[in-house]
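You will see two complexes here that share chain A, one where it goes with chain B and one where it goes with chain C.
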Partner chain A sequence: MVYIQLPKLKRERVVVLTGREAVTISILSLVVAFIIFSGFLMLEGASPIEAYGHIFTFAFNPELGLSTTLHRGFFILFSTLAFIVPMSAGLWNIGMEGQFYLGTIGAFAIAYSFPNLHPALLIPLMLIVGALSGAGYGALAGFLRGKLNVNEVVVTLMLNNIAFWLVYLLTVGGPWAGIAESTSRPLPASAHAPIVWNIPFTSFLAIGIAVILYIFLKYSVLGYQIRVLGNSPVVAKHIGINATKITILVMAIGGAIAGLSGYHMWAGDPAFRLIPRPEAYKAIGDLTYWGILIGLICLLNSIATIPFSVFIGSIIVGSTVLVRRLRLPFGLDVLFLGVISLTFVAFQFFHHYRIKRIRRG
Partner chain B sequence: MWPFIVRSLEVATILLLAAIGELLNQRSGVLNVGIEGLMLLGAASGFITAMFLGVIPGYIVGMCLGALFGLLHAFFSISLRVNQVVSGMGIWLFAMGFVTYWADRYSGPLPPGVVSIRIYGLSPIFFLAVAVVLIIWFILSKTHLGLKIRSTGENPFAAEVSGVRVIRIRYLCTIIGGALGGLAGAFLSLTYLGTWSHLPTKGLGWIALALVMFSLWRPLILLGGALLFGFVWQFAISPETIYAGIPAPLPVLRMLPFIITIILLVIISSERFRRRWWLAKPEALGVPYIKE
Partner chain C sequence: MKNGTPILEVRGITKRFPGGVVALDHVDFEVRAGEVHAILGENGAGKTTLMNILFGVLQPDEGEIYVYGKRVKFRSPLDAMNLGIGMVHQIRKLIPAHTVLENIILGHPKTGTIINMKKAREEVKALCERYGFKIDLDARVWQLSAGEQQLVEILRALYRGAKILILDEPTSVLTPLEIDSFLNSMKSMAKEGIATIPFVTHKLPEVFAISDRITVLRRGKVVKRLETREATMKALAEYMVGREVLFTLEKPKVKIGEEILRVENVSALNDKGVLALKGVSFSIREGEIFGIAGVAGNGQQELAEVIAGLRKPIGGRIFFKGRDITNTSVLERMKMGIGYIPPERLGVGVIGNFSLVDNILMGIYFDPEFSNKGFLNYKKIRDYAKKYISEFEVVAPSIDTKAAHLSGGNLQRLILARVIPRTSKLLIANSPTVGLDIAATEAVRSRILACKEKGMGVLLISEDLDEVLQLSDRVAPIYEGRFVKILSAEEAKKEVVGAMMAGALSGGV
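Here is the complex of A and B:
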């Protein structure tokens, strides 16, 4: 008689997850996502291998998609960094979308008010005001959390929706309305982001911020305080860390970083240089939520998020090929992102546990 | 005036169904921030089913898909012990992609023959939603099962010791919560809108999530809150029926429900309020249960 003995499995708690393990987990989760999405591709009668080939050759071809890939990737990097800073202090910044809108409003307000300023003055001013608007919006949520003890997840979600309508108010039939229906006026030429190596210079700003954040969170006193607060609010209280101050500060820093992405997004891509229709800017705003997943997958390591963000950027840009070149139904590209998000979430399990075989003695 | 009241009661129905489901799973200790996603899935599947089979199968399918994703959230957050906020967000992101892919090709109104049943313009689902709230209130506060659910949310360890199957209760509540979220979505696309347009929920799911919080986890306050927000939401969409020539532009009005939410949250989060009224907040909300 054949007797199959299934291995007995148990789960074991992971105390410290190394960077290498985290990378393996993310790669595995991507493999699973690719397999699941292959099912959808086959359902639509496309060959998965061919489709994936198209996606990545388009996304990384310097003549076709590479600059857009990097642009979107660094946009997501801004959101990821905006998520990481508050998360290090144990706060959920789900408000990158709203902070990005506020950054957009700040930057565009400056551009429309002083269109004749020299670019060397105008562009930094736009960035600063964008960052300050985002920071203010973030700090508002931080204040409500730190001072008045209001749940930051719900507040930031509400603020996102308010910011969406704020942009709507200004663009659709508002003071910034353009000639075309429901978009804003184009940015003055002096406000266009200078392009370095085919990508807007703000991309390098994002990389710079990632490096600075890494050093700041790891080696500075304030960074240490932030991490202590994130790991244990009780300990933080005992060693005299002012939780309220830190809460407002980290949300403001997060908001400022997300605010910068407003300029990066619209002024950096030659296809835009204005605020598009509400559905279009909402679609971009929805991308900011990737910051949450990427930040957690990279264990809040801001340098590790750079390649990840660019990779997600390549999926965003590359999978548009499915619709445009392979004539597959609309929405398949966003579905791919959705599948990846789901497998990322499922594989979070392996951040805390590993499966072990029980040996029989 | 009557059409406006009906419309705002319909919004209230959507909020009620979604929020009472969320309330139930929060009382069992599981936070599901992905209700917006569950509503989208329910709305899309309900709409597509209704196009071919009629409204009532649409509701049923919407509810089932909601339950299925409630189950998925339960699996992620209870069995895999993934952070509940992350799991909810992941489901929402997936739902956005999936629904765009699946339902946007059917954009447009329902076929002419497919109409919801209405009594004086009011859908019977409204009464169903109120009944569900009352039933859940009754279960939670008057029955043995409710005691089990509440104890699971308060202190799962103590509950387990006294013989409550924590995992089973949490699964059950999360699935029911998902089903009600799906039903809310189906109601949105089939009765309230009657058409499909790109991502139709427009933040109603987030409002429902906040509603649970400032109902202080009490079903009867939730009932009042949903009626209030149904009114505010509908007022923002068609203010002229109540107040012709209102000076505020449309986007400002659309912000209103969200601004009111934040104000209410600030009020209920104050120390005084917290001490007196937050007794129903599940202590173990959002904390995965790890059996030793």
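Here is the complex of A and C:
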């Protein structure tokens, strides 16, 4: 008799995941995503090597896509950081989109109210009010969670929808409506973001926040309390950590960071400098969800999210050449982003489990 | 099979794990029909590995297993079961919502697709009569006590035709009364020629009472084989640990000082919203250990949490050194010098994903001495952690090791190293030695006595009656949320307290 021995596989729980393992897992997931998408490209008769070459040469060409790549990348970085802070305390902030809209409303309200203010005063004011609006919106979900134990995922998700319509009410035929149909009035020149090295200065603000958050979460007393709560609410309770206070606080911090991205997005890109039509600002709002994936993949390490966010920005910007330059079917660029996010999600499995081969006796 | 004939033989079993760990090193022993052959060993001695090999979960790297003189190889537990080896797990593998009968016949090859309940009931009934087991076959498993659930597991194995029963820590969760009936069922099984192999870490006296022969494992090797009647408790403990063990810790003579804690008529709900603690009053003084003996689920957990500040009482008041602390927070109580050792370690007392330093930090993070303008002074914290990790003998490669890699005994030492140095007045120790081996248990108990010696008050809560009696100055058996009585150390005889905590005796002693 001949037996064919198939390897017997066993799933094992990962107790402690090291940073190196996390990096390996994300690189592997990217490789898999590129391989899968190569299949789609070949199905459309394109050469994968050529297509990927086009994507990255466009995205990183200073004459072409680079500034947009960085602008979108840092926009996603804001969202990622806004996700990381609550997640460190074990809370899922799915509301970066809504907090970004609120930040937009706050910043634009200031710009329209005081168009003649000196930029050195107006711009910080727009940023502060934008951050506070986002913070309040985040804190609302934090309060419901911390005080009344209402699930924050549901609340933030629903608040996103409300915020979308708030912007809609203000722009489409509302008090902020511009001459062109369904966009807002343009921002006054005094509100435009100063450009440093071809990118808005707020990009450096995002990097600064990432570094500060890293130090804050790792070395501050409050950051420690946040991490304890995130690892075990039961332990936090046993050592006297006030979970309600921290829950509201982290949601407010997250909301504030997402709120800042409102100014960064519209005042930082010369192509906008206003709130565009609803489907366009919704498309930008949808980018905030990359923050969830990036935050999880980087194991909530805010420094690691900087290059990762820029990388995702490059794919978002670069993949548009598939349609524009290679004349491939419309939507293939979105498909690429979809494939990447799905493989990332699938590879999260390896953050929790290992597959082991067991020897037969 | 005639009693006394060898039915299971294990020769030269060796098992290595990745990383060069030799869990078992040429282990051999034999088990005869109708005998109780206890395997003793501390945590990490290789007991679990041996058990898993005997039950076919793991395969040995070297060595042979013989059942009825025939060499066998188990590829899975199914092979072992088919050869008449049954297993009674420490963590029950029963379905709580199903009846006893349903649990017993579950997974039996005879059961098949269509269940013949009537026939199965008759068979199980006959089995019960044969061994003298008394159990209601229609009771739901969740309604049963720990001892009855164990009986269901035994019955399930016997129903499958087991002739050799492996028992994992059989007496660890039983009350004194249940232990008696368990010992009786062991005897009746032995009479019918069933060989039982209890694996034991913690509770030596029971093993002593039931076994015929004992094999002691230490670090994967058989260090001693002996007949039970030749053995003494002290000698056995020494074989297990590899050094002399002080069985009766010297209770230090300490002057009992002023009152530290006074609990007046405190009531509390449990997590399900049911009244679990029904008006308990007592006080603890400096240098006094107040022990609460009870079977889990009688309100002692809620009491400990109320005093630690983790649970709001629905009635009554708590005074700490004369001050009403009924409504103060956990943090304030910690700052006052009240320390709490929770009954569970990972996820309650320790964060596995944190380094040892960050775990020690849980006891001092709020202390301004260890931070500067809101930022942690890690240099000071590391020095502090280093000092107490070595003082409390936590064995770990470094202070940056993640706590998840530590064994149970080391985790408890880590919790003690966090709690005790910051506790100056009152220590609440809730099941501090549950699941620990002899050496770790001894270490924890001597730490508790050291707290007493320093003049702290200690509230000791434990299901282990011996522990409560050995350490406490006063003992309160708790039953259904009330103290049956508060007894002095002299009054607290094992039989009396045991009966009280089982609800069999009211306060009139």
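As a convention for this text, the second predicted complex is superposed on the first by the 351 of 361 C-alpha atoms of A that agree within 3 Å, B and C clash if a C-alpha of one lies under 4 Å from a C-alpha of the other, contacts with A are read in each partner's own complex, and residues count from 1 in each chain.
Note that a contact is a pair of C-beta atoms (placed from the backbone, for glycine too) under 8 Å apart; a residue touches a chain by one contact, two chains touch by 3 or more.
The model shown is predicted, which means the values in this text are computed figures rather than measured ones.
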item: Partner chain(s) touched by A:H238 [first = chain B, second = chain C, both, neither]; value: second
item: First (chain B), second (chain C), both or neither touched by A:P329; value: first
item: First, second, both or neither for A:L293, with chain B first and chain C second; value: first
item: Partner chain(s) touched by A:A346 [first = chain B, second = chain C, both, neither]; value: first
item: Partner chain(s) touched by A:N161 [first = chain B, second = chain C, both, neither]; value: first
item: Of chain B and chain C, the chain that contacts the larger number of chain A residues; value: B
item: Contacts of A:L144 with chain B and chain C, given as first, second, both or neither; value: first
item: On chain A, the residue positions that both chain B and chain C contact, one per complex; value: none
item: Contact set on chain A toward chain B in their complex; value: 40, 92, 94, 144, 148-151, 153-155, 157-159, 161-162, 165-166, 168-169, 172, 174, 279, 286, 289-290, 292-293, 296, 329-332, 334-339, 341-342, 344-346, 348-349, 352-353
item: Contact footprint of chain C on chain A as seen in their complex; value: 15-16, 219-222, 224-225, 227-228, 231-232, 234-235, 237-242, 359-361
item: Contact set on chain B toward chain A in their complex; value: 33, 76, 80-83, 85-87, 89-98, 100-102, 104-105, 198, 203, 206, 209-210, 213, 249, 251-252, 254-255, 258-259, 261-262, 265-266, 269-271, 274
item: Contacting residues of chain C [partner chain A, same complex]; value: 59, 73-75, 308-310, 329-334, 340, 342, 347-354, 358, 361-363, 365-366, 371, 374-376, 378, 402, 404-405
